[in-house]
Amino acid sequence: MRKLFLAVLIVAVGLLMALPAVAQDDGLTFGMILVGPQSDRGWSQAHYEGGQYVEANLPGSQMLVFESLNSADAPETTLLQVVTEMVDQGATLIITSSDAFEEDTDVVAEAFPDVTFINASGDNAFTGEAPANVGNTMGQVEWAKLIAGCAAGLTTETGSIGYLGPLINGETRRLAASAYLGARYCYENYKGGDPAALTFTVTWIGFWFNIPGVTLDPTAEVNTFFDNGADVVMSGIDTPEVMTVAGQRAERGESVYGVAYDYAAGCDVAPGVCLGVPYFNWGPAYLDIATRVNEGTYTPEWTWNGPDWSDMNNPDTSSVGFIAGDGLSEENAASLDEFIAMLATFAEEHPDADGLPTAFGLWEGPLALQDGTVLAAEGEFVKPIEADNPLTIWYLPQLLEGMVGASE
Amino acid sequence: MTANRTTLRVALLVAPILLSLLITAVLVLAVGKDPIEVMTAILEGAFRNSNAIAGVVNFWIPLTFACLGLVITFTAGLWNIGVEGQMMMGAVFASWAARTIVLPTPLLIPIEIVLAMAGGAFWGVLVGVLRVRLGVNEIFGGVALNALASVIVIYLISGPWQPPEGGSAQSTPPFPAESLLPEMSPEFPVSLLALVLALVIILTVYFALRGTRWGLNLKATGKNPRSALLLGVPTTQTALSAFIVCGAIAGIGGAYRVLFTFDSLRPLPSGGIGFLGLLVVLMVANHPLIAPIVGFVFATILAGSTRLRVVLQLDQSLAEVLQGFVVLLVLMANGLRGRILSSPRSSPEVVQEQPAPTTVTSAAEAASHE
Amino acid sequence: MEIELQHIHKRFGRVHANNDISMKLRGGRIIGVLGENGAGKSTLMKILSGYQPADSGAILIDGREVDYHGPQAAIAVGVGMLQQDPLDVPAFTVVENFLYGQPPAMTRREARAKLAQISREFGFELDPETPSARLSIGQRQQLEIVRLLALGVRTLILDEPTTGISAQQKTILFDALQALSREQGMTVLLVSHKLEDVIALCDEVVVLRAGRLVGDKMMPATKAELVQLMFGQEIAPQERSSGHIGDAVLELDSVTIQDRRVRVESLSMNVRAGEVIGLAGLDGSGQEALMRACVGLINVAGGRVRLNGRDLTRQSYRDRMHAGLAFSAAGRLEEGLVAGLTLTEHMALMDNSRAMIDWPAARQLSGKQIERYNVRGRAEDRIETLSGGNQQRWLMALLPEQPRVMILEQPTRGLDIDSARWVWQLLLDRRAHGTAIIFNSPDLDEIVTYSDRIIVFFAGRFHVIEDASTATVDALGHLIGGNFEEAAR
Amino acid sequence: MNEELLNILQTLVTSSSPLVIAALGETITERAGVVNLSLDGSITLAAAVGFIAAVGSGSTLIGILAAMLTGALVALIIVVADIELKQDQVAIGFVLTLLAASLAQFIGQSYTRVRGPELPFVSLTFLKDIPFLGPVFFTDHNPLVYVSFILVFATWWWMFRTRPGLALRAVGERPESAFARGTNVNRLRYIYTLVGGALVGLAGAAYSLSIKPGWTNPPAMRGDGWIALAIVIFGGWHPFRVVLGAYLFAGLRAISSAIQRSPDVQIPLVLINALPWLLMIGTLLLVSSGAIERLLRALPRSAQVWTRNILRSDPPAALGTRFEEH
């Protein structure tokens, strides 16, 4: 009896296999592999829209998307399977848009030497671990995080700021630290507070977004921040739980605020309580790479792209930006503009050299790590990145002295 | 009369499959896609070349291990939802060996597989002890132990076993090449060893259940643990042994995931294959030979669904929805057949062969006295 | 109220349980419904009380045909039935059990009052707040009777009500039934296979045999006449057996047992080879706990269990089986046989000498045992397709040939007289070869007939009757109600 | 009273309300003798459907109704498969657990992170001014939290103080006796399974319309269905103990997350995720008969009786069994 069922299935399989395959277009076909959903209002959506920017600006280009490649949504699927499918569909450029794919990208790239791979946020092309067909790109979102931190430091009345971090690594530590530096500076210099009295607490949930049973529950963690006296919570994760909860709290009459992350429209979730959003604008970098791949002139490289200080929020020129939110008071908005101008001046005084940033604002001594290790002495700047030097911003091994929270 | 009955049986066998295809098609239409394209994408994804077929086989192998393990626990009347965790612990133990032990491949692989079996058996025996000694129902024990196994895996990946450049909670560094299962050929990347092992296990389980005292003990314990105990069956040991053997077999499946599919340890290395195994075994009423066949169909859908997402932007969950409906409707059609055929006018010849699972609350019942 | 049954038929598969039964029952009487197990009397009563529909036939009450579905409908026309295992909800208190099923308007307070009033009338003692799980069978019967009376029942059917209750409770029950029929003009139908009860209580009897009504008779009648009617022939009363009693095999040395319901304190006893020990007592008085403690299914809280001098106290059930004990439980398909397995598979399960099963040998052995034990069934049949008697025979066939001690819970439960005698024949054979037997039974007759020694239990206390030949059913009935002091006098 | 503590407790009451509602729903279903194992899937599906309906209609009320209907529908499949088709409740429930979750993911796809209507926050006049209880239980909750309070008492009252409640319990304890008293056993099982399923659906709506608003992948309430099922067992099928169990569980969860925040405790972050599950096993161990008896033996005899009464957790005797009239 069961045999019959099987026979039916086999016949069905045979019939369907006989159907013609889908035809191919000319022009560049590129794959975009996302760790979260393409509509996550965060990291993954920013990449997805970067890909759409390429489609709109590079004639004939076509994007293939695979969203939510992660152990919770697609535990049975590997990067190799996805790349194989994309290459079969004609992709010659594959963007793996998360550091979660860093290792796999290298391995898979060796199997497809004719395809160019871009691993966003990774550094294997810088360190030389990657095969010859893998490049990296990242935005200097540290600047935007400094600004976001400043907005939080200006706004907090309780002197307690929460930072909801994802998992712990160099990238997430340096971003949290940037936010802290901004907050401390503005709390002291514009608000007149005692920097030692500022509480800046980091809680790590364990991944870029909520995976029940794997990560801590971000909703609960944000509530805990507020319950314990914080009045501003900054998001460091890919999804907008911080804004959702802050919005709910405000509706109940509490005066609390949130800072979004990752995605230009991040404030939309709860505009009234949003102090602003530091975000990535992947379009220009991806268009540049795609154009060169299409022309056959791209050589894989590592890039770390800064903002366009003349207009941080220019979609065609700036790789990172900051959009102030409605929650920011007029007075604080003015101070924030002053702060941004100061950073712009600083950046002009310290121009990139050989395509690498030479210094970030506020990353200036005396600075120490949580365990007391001196990061920069008085008057020194912390180096943005140097091969084999762990005491740089890129590889930041711990949180900074003054921050509360686990470093590892 | 007989002809009618045969027609009815065939209808009740085909109808649930067609109906689940229909429901899936409606869902696809509802999101504005073409169901035929969906089917094409799945089948092309699964069978377009030898590489793709290897992809199907690579799902089928661990799924088969999960299924055969589950056949044993179901025979003993146990709902081993913990099979996912058992696969994961198999993967963890195999990963430990792959990371730690330096030996040539032919020596290392048997060690890895034995350790994987030990890991799966260890996680199985925990569920078993909770159930038969401490009275915690195996469904809840299993769910909790699955979660714990997952937590352990993530702890290892993001902690002690993280890559030197820091963890992203995504993967351990790749294992050394000597520790991995060799593939048959680049065109057909499947591990011959694992394939052979899967076939051996299928036959072993089949004959163990039919011809051994242990198999009969399992069957008696599953159908009525009280009576079995009074007839001299060591029901506690039998139930525990079912968990151990199931865990050991499922552990090999977990090892295959890390030693072949991923080449490293990943979060949730079992990939939901254990749950899929539960569905398969429920659907085939616990038959050790039919389970691998239906498992192949499910592996096809699973492997094909990657293409579904790339080509049609349709969520992989669609494939799971299809599989879920097939199993649900097949079970319900079984019931319908029983209802029609055992109506007063027909002879009482059909007795449903169900995997006699115990209900949620009969927790400490099995073998609590001994 | 007058009830008339016309041409009632009921089949279960191939069994014709009620075959064209017609009868008229007049009101104000106690009518015994007699027949051996399987004669169809329970089926007929269930049809009359709405628990089962008849395949065909009619029920007339006071001349009007009724067609009801469900027991509630039967109660509405005045017919209520007290099942052998009273249909209460164990988790409910007495008053909840009483209230549940009464008209919706009745409040808890009214229920309590009515319960107290009816109980008082018949001398029942029912505490309204006790969960019925803690009541004895006798009390649960009383509760059901009170409940049915409160519902306005005019015809009360009782199915084997005297099984498993004490003599005192029986007296209260019988007094109540007599009051109901004599003073209130109710019809009482007493289903029983116990002739003494029927003779003591009934005004009239109807007799069923193999699904047919084979006679009715006004009382008084002698036991012999009733037996003649029931079996169609004289049945010689079972001889009291006696055999050679040897040395002690099983020794219980001040054994204390604590189980969920009962505590038995320091019981010492020697069971000798070839001896039959009958355990009497109401359900849960300690006799089951003792038997299960002997085979290791319950841990003893103190004392020692020895078999042939070997200490078994800490041994598992299986070890004790290997040492020479054999056990069979009361519920055959719950504890004993495995529904879903064939006769052969059961046989194969008993042989644990090898890892691989020799199926041909198991089949052959099964065939041999089927013949020897006269089982109506085939080796490849699943056990649940056999009748109760045949299941019991197969259970006997599975037991080891010559154990030291056999411990049997209600070995003839649910069997007809033929099967029961046949089972005892087998047991006595084994006993003749030196096997000691410990058994219990709610049927005091059985205990008196077969035991060499009797132990009576009441709420964990026990009383030993060293010479069973001095015991009578009536005396045992009083003992199981707890009147140990009286008996000692 | 420490304000931070009040805040924490208030948040706790809010965030555990879906668990309370779902566990009460399952309690009702199991009291009638039916096991709805599908909770983890049906809550998720109801959350998705509820959210989509609320977005589509702009009304949270319609969202709630849609979610309840969804929960009831899943429950209906279980009870039909059980009563009409004689299929194992656990097997069907398990298949539905997976199927409903997948279905939710599929239909929720295009609603991921979409902003939708949310339930308002309400404080209860008078009650909110009671010291301690006011700020914790009666201030700034969404209406479903208050519904959960009412449900606890209503369920208890219905089960233990009304005539239909007697029938409900009897059907789960001893259906033959219920039948003998004119109760239509299977009809009641239909009704209460549907009612319980609808409450499970309501719990889903409480998540997607307030507690974890919106729809995400993976769904934010994954795993809570299993916890709700465990709470029913821990709660001994009694509404008061069930709600206690839910609060206890949420409280311990909050403590475990506070542990991470404490600078003195060095526990790897990921291991904290193990705590809810260890807690689940622990609570089940506590109420499982074997463990209790072992524990009790250590106590003096006088204390044994009442401890047993408090901890004892006997399931409805006919749970998971099928009833046929003849």
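Read from first to last, the chains carry the letters A, B, C and D; within each, the first residue is number 1.
In the analysis below, a contact is a pair of C-beta atoms (placed from the backbone, for glycine too) under 8 Å apart; a residue touches a chain by one contact, two chains touch by 3 or more.
This is a predicted model, so every value here is computed, not measured.
Each step here moves to a touching chain, and the least such steps from chain A to chain C number 2.
Two chain pairs, B-C and B-D, are weighed by contacting C-beta pairs, with B-D ahead. Using mean Cα coordinates as chain centres, the one most removed from chain A is C.
Separating the centre of chain B from that of chain C, both taken as means of CA atoms, is a distance of 47 Å. Here the spacing of chain B and chain D, counted between their Cα centres, is 29 Å. Note: centroid distance chain A to chain D, computed from Cα atoms, is 37 Å.
Per-chain CA centroids place chain C at a distance of 43 Å from chain D. For chain B, the set of residues touching two or more other chains reads 147, 151, 154, 158, 169, 315.
Shared interface positions of chain A, i.e. residues touching 2 or more other chains, are given as 68, 72-73, 168, 206, 213-214. This structure has the following touching chain pairs: A-B, A-D, B-C, B-D, C-D. Considering their complex, residues 35, 37, 77, 81, 84-92, 94-96, 98-99, 102-103, 105-107, 109-110, 223, 226, 229-230, 233, 268, 270-271, 273-274, 276-278, 280-281, 284-285, 288-291, 315, 319-321 of chain D touch chain B.
Taken in their complex, chain C has these residues touching chain D: 51-53, 70-73, 75, 83, 87-92, 96, 99-101, 104. Chain B makes touch with chain A in their complex at residues 9-10, 13-14, 17, 36, 39-40, 43-45, 47-48, 51, 55, 59, 147, 150-151, 154, 158, 163, 165-171, 173-174, 261-264, 266-273, 284, 287, 290, 293-294, 297, 300, 302-303, 306-307, 309-311, 313, 315-316. Residues of chain D touching chain A in their complex: 4, 7-8, 11, 15, 105, 109-110, 112-115, 118, 120-121, 140, 210-214, 216-224, 253-254, 257-258, 260-261, 263, 269-270, 272-273. Contact residues of chain A toward chain D in the complex are 37, 39-41, 45, 68, 72-73, 168, 201, 203-204, 206, 209-217, 219-221, 223-224, 226-229, 239-240, 244, 248, 251-253, 268-269, 404, 406.
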